[in-house]
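In what follows, subunit A forms one complex with subunit B and a second complex with subunit C.
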Partner chain A sequence: MYKNTGFISFVLRRFTGVFLVIYLAMHMFVIGSVNLGPAAFDARLALVQTNVFKILEIGLLAAVVYHAFDGVRLLMVHYFHLTNQRQSLFYAAFAIAALLTVAGGIPIILFAINGG
Partner chain B sequence: MAETNTTQPLQTVIVRIQRFNPDVDKKAHMQDFKVEVPAGITLLETLELIKNKMDGTLTYQKSCRHAICGSCAMNVNGKNMLVCKVPLRDVAKNGKVEVRPLQYVPIIKDLVVDRTSFWEQYERAKPWLVPPEQMPEKEFRVSPEEVHALNEAQSCIMCGACYTACTVVAFNKKYYGPAAMLKAYMRVMDPRDTIPGERLKEVGSEDGVFKCHTIFNCIDACPKGLNPTQAIETLRKLAQRRAAFEAERAERLKTIAEPIKK
Partner chain C sequence: MTLFKLQRYSAIALLVFMTIHMIVVHYPPFHIDFSRIIVRMGQPIWKAIDIAFLLSVLIHGLAGAYAVMTDVQKFSQARRTLATAFAVLGVVAFIYGSITILAFDPAKAGVKTQMDAPAVAAQMP
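Presenting the complex of A and B:
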């Protein structure tokens, strides 16, 4: 496969896209149980209150912000003729996503450690 | 080891070449050739040296040797390039260089590939000019700005480096590919052409501009430094405008025969 920053961004976009679809299905599985009564809802909610899911929440945050900023990057290329800045834009989108993941991930970890 | 008689400083390089003989091999394999060659030699000249002095069965394509025919496009260290244009010292990292045929198209033998799908898509894009019926007495007047816009697409040598670097092509051979769409862009922007609407309808179809994932491989692969992605983005905008206009018109046609409401 031909590898450069464009290919890396393409793979990440696909990967995060699939991850978000899986999350959405799980989200509906949990939230949808509200129609089955409070006990069913609590039971399903308890399934996703483990530390593993807390860590996965950081992954979810990373997927959301990367996917979003990669989309913004592509819109900028489309509307502002920025193909020559393709590598800089990829690094910028990646850096912003990483920064926001760290900024949002720390409270998630602290919340997981301290409980709540 | 192959050597050449020269006064230039020599460099020793291991050239790793992907080999495939359809009569013998079930799958491709890599073969190393250790060569001692002048420092300024091109990669194509190195391949010629290997063929002439080490292994006469090595098969590759070449013609003009001046980076204009596009026949010697190959994948070198993972990047597509014209081997007649690139000096060996620029690609021999740590004394090694890896040469493979262009990707995503069938291999005929060793470094020679079957470009049929590339040419099919090229023809599908109707790269020729469809001039008006009434020809001017002397000449078409095309502004310098319009000529400038067309120059880039006209510089394409159709080597297939962009097409065989495109990840979308890897998965979908019905996709037009960057080279064909660069040519379509050239004709859409050409003020002499009489069928830009038809062209936009074609490239706006399911195998066209909206299939591009904006991966930019085509720009990185082009040995002429062209920008097919920008051409595709421009065609996208124009195709969107055209589709919006067609949709509005279709809506209007639904009510055109209705009586005026009072």
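Presenting the complex of A and C:
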């Protein structure tokens, strides 16, 4: 059961979904500082723009793109009746998410190296 | 509308909003501060887009979290209480988030009117 792509996608979708909800709460806390004025906003935003957070951003990007493309896969299976292609679509969603993570991660790493 | 449909429709909206957000806000990566993002956020259309984005993400996120939690037997016995708590949390988060989006006031960055925004942007590195 644990090697079944349906089970793997179910676990990954839930894991990334819960992670993204927790991130959303933190994101609202950071952006919400604008209510205290531009200086407070800049100060709090500076805390999350260090190199450590830039690396963590790549993990966030991976979670977002995987969750999104797994969602697209589910929509395709549901609306276009592609039940028999579920496994291939899972691999495709995973591959596209991996590619986009690398494509989006490289500029983040370069930005971190160049000192932002 | 069932929770399932709510999840599906908010997911489709999120695909659009998230794509816009990633392209406009994060690529290419740059140091974000108030004076830079106010150029975009000072415009009413972006405030409207971001409030719609906020609504979609809250519906999708909270409906998803509710679905995950009710899979746990302990919580599934208190579905109604949990649903009420999540609905209240969603409304509070939407009001707070909308106030936050509307707080991006160009006057605070020295931009007098919306028409001045391009001039401020041109001065930025």
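The criterion applied here is as follows: the second predicted complex is superposed on the first by the 113 of 116 C-alpha atoms of A that agree within 3 Å, B and C clash if a C-alpha of one lies under 4 Å from a C-alpha of the other, contacts with A are read in each partner's own complex, and residues count from 1 in each chain.
Here is the rule we use: a contact is a pair of C-beta atoms (placed from the backbone, for glycine too) under 8 Å apart; a residue touches a chain by one contact, two chains touch by 3 or more.
These figures come from a predicted structure and were not determined experimentally.
Record, for the superposition on subunit A, whether partners subunit B and subunit C clash or fit.
Pair status: fit.
Using the touch definition from the top, say if A:21 reaches subunit B (first), subunit C (second), both or neither.
A:21 sits against subunit C, while subunit B stays out of touch.
Answer with first, second, both or neither: which of subunit B and subunit C does A:49 touch in the superposed model?
Second partner only, subunit C.
In the overlay of the two complexes, what angle sits at the CA centre of subunit A between those of subunit B and subunit C, given in steps of 10 degrees?
For this superposed arrangement the angle is about 110 degrees.
Just checking: does A:91 make contact with subunit B only, subunit C only, both, or neither of them? Give me first, second, both or neither.
neither
Give the label of whichever partner, subunit B or subunit C, reaches more residues of subunit A.
C
After superposition on the shared chain, which partner residues are touched by A:31: those of subunit B (first), subunit C (second), both, or neither?
The second partner, subunit C, only.
Rounded to the nearest angstrom, what is the minimum C-alpha distance from subunit B to subunit C in the superposition?
5
Which subunit A residues contact subunit B in one complex and subunit C in the other?
78
Please name which positions on subunit B make contact with subunit A in the complex.
78-80, 103, 165-167, 170, 213-217, 219-221, 227, 229-230, 233, 236-237
Enumerate the contact residues on subunit A facing subunit B in the complex.
1-7, 9-10, 13, 74, 77-78, 81, 83-84, 86
Which of the residues in subunit C end up touching subunit A in this complex?
Residues 8, 11-12, 14-15, 18, 22, 27-35, 57-58, 61-62, 64-65, 68, 93, 96-97, 99-100, 103-104, 108-109.
Could you pull out which subunit A residues touch subunit C in their complex?
Those residues of subunit A that touch subunit C are 14, 17-18, 20-21, 24, 28, 31-32, 34-35, 37-38, 41-42, 45-46, 49, 54, 64, 68, 71-72, 75, 78, 104, 107-108, 111, 116.
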